[in-house]
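Dropping a structure here in structure tokens format, bear with me for questions.
The chains carry the letters A, B, C and D, assigned in the order they are written, with residues numbered from 1 in each.
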């Protein structure tokens, strides 16, 4: 087993974990975190491929750098979007069920 | 290529465990904190695969901007429990997705190893080294970023710009019923700069409002540490010409310093009003200006103007760092729901 | 550098790294075993900062240039400052009061006197 | 000898960070969880510095500086977010 195979396996597992959770999870913040994990998985594969030769491939490093910055940009946007949707749902829930407490607020979209 | 060493195995296992924990726990804050720890481990992984530039960016962005964004979105909620679906259909979905994911892992690893074995995907190191003589900077990664693949970089800073504008537009229209008055800690501090006197003033302001003592320790620490942070940001920016570093890493350090200052009650005045708009857009604009000048003078679109390549590159990179720093900090402050205080607009 | 001197340097590096690892482990054990937030913060900040100092000492010995050693020392100084500020921020305020833990009888400060 | 010792140090410090995940998961209060970040900042800086010596990449020392300074950002964010909620 080479280092390339090991890191590809790590990266592919990260990517699959993140992708599966992002597609199946119900919670919006967890989906944002899962997308971040999947992005990290792609970067692991990319940089493992870049580091297989004696002197590492700078073009792939640049792609990884770009990927990191894009990831933080969509994380910020996704967090704002998730909060906005949660707030809208919470407002709807308090309208329909006045007595909803703080604990039930989260499941409030199915009264 | 030799087999994986102790460090490779340890880092890989740690990354996998942290990712599994971050995705498996129910509590949102736990998930986010574990993800921040995962970011630190990823920086180690990038070092282990000999990508110091990426490690630098991950350490600065992963713990600074991403961590602050995620933690802040979660921490001021009354309950941090994640919502969970129930029912048999969800179980079936999880099982199907897990099977698909396992297949994906096998296919990906097989694909990477097959591509490596076939020898078709030769590294581009040689091509870059050949072209380095025409570049204005001595570090290959900075040269690729600003010279050989300038389109990527231009579109990337544009993505940050779009994210900032989108987040601002989403956050500035407060939905009905939501708590509009986010009791921020810096109603006194936002209008002033980051000089020592104004920090003290804002600390006193938050002391008058809150029941707890102000973060006086934090203010004192920042008085000593912010010059160090800013110096480090400038060092990362300019050292990028000949060693790992550059606009992204420097910009991420700037964003971290700005977020810290905002936490201490003295959000940088640069991020407000017209100055904020200028700071967020100056990077793409400077890049476009230099690229346009290159098109006129050298005949190549996005080529640095001939004769003054080195100063133009430094200027563009400085502008990019300012833009990235301001963009990330503005994203964070938008998540805090104080758009009124950030870009100075008056969201109706 | 003579052979004996180099040997002595290697031994010093290994010893210092081992001491650093010991303190780091002590901090982690404290984080896991101590009963409330403030004792945990105490363990994390003090023991880990000392461990960081020892590791930085080992690395300064292992690296040849003076510039590298200066950077390691800067990391240590920044680490001390950041850990102290983090601990004082997290340890203050009503959220950090021992009663908030739900186990007021388990003791707060006397526990950490005899531990590393 | 030194190389092997430093490699073992990296593995052991990583184990430390993984162990602190136990506290992050068990909580109980939000601030207990954030204490894990404080530990990870210090330990992560030590790890990055060790790897920079092992891998011969001096630039990673700057990454350690960034990590140790910016670990404070998460703490500050959590504490001020709680202040805002009150």
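Worth pointing out:
Everything that follows uses one rule, which is that contacts are C-beta pairs under 8 Å (C-beta built on N, C-alpha and C of every residue); 3 or more make two chains touch, one makes a residue touch a chain.
In this text, all values refer to a predicted model and were calculated from it rather than measured experimentally.
With contact taken as defined at the outset, there is no chain that touches subunit A as well as subunit B. Here the two chains linked by the largest count of contacting C-beta pairs are A-B. The distance from the centre of subunit A to the centre of subunit C, with each centre set as the mean of the Cα atoms, comes to 32 Å. Chain centres here are Cα averages; for subunit A and subunit D they lie 21 Å apart. Each chain gets one centre point, the mean of its Cα atoms, and the points for subunit B and subunit C are 28 Å apart.
Looking at subunit B, one finds that residues 5, 50, 53, 58, 78, 211-212, 215, 218, 221, 225, 228 touch two or more other chains. Touching of two or more other chains is recorded for no residue of subunit A.
Touching two or more other chains at once are residues 20, 30, 34, 36, 41, 58, 62, 64-65, 69, 71-72, 76, 78-79, 82-83 of subunit D.
Listed by label, the pairs of touching chains are A-B, B-C, B-D, C-D.
Taken in their complex, subunit D has these residues touching subunit C: 1-2, 5-6, 9, 12-13, 16, 19-20, 22-23, 28-32, 34-36, 38-39, 41-43, 45-46, 49-50, 53, 58, 61-62, 64-65, 68-69, 71-72, 75-76, 78-79, 82-83. The part of subunit A that touches subunit B in the complex is made up of residues 1-21, 23-27, 29-30, 32-34, 36-37, 40, 43-45, 47-53, 55-66, 68-77, 79-84, 87-88, 90-92, 94-95, 102-103, 105-107.
Across the complex, subunit C meets subunit B through its residues 78, 81-82, 84-85, 88-89, 92-94. Interface of subunit D with subunit B (complex): residues 7-8, 10-11, 14-15, 17-18, 20-21, 24-25, 27, 30, 33-34, 36-37, 40-41, 44, 47-48, 51-52, 54-55, 57-60, 62-67, 69-74, 76-86.
Contact residues of subunit B toward subunit A in the complex are 1-5, 8-9, 12, 15-16, 19-20, 22-23, 28, 31-32, 35, 38, 42, 45-46, 49-51, 53-54, 57-58, 61-62, 65-66, 69-70, 73-74, 78-79, 81-85, 90, 93-94, 97-98, 100-102, 104-105, 108-109, 112-113, 116, 121, 123-125, 128, 140-141, 144-145, 148-149, 152-153, 156, 159-160, 162-164, 166-167, 170-171, 175-178, 248, 324, 327-328, 331-332, 334-335.
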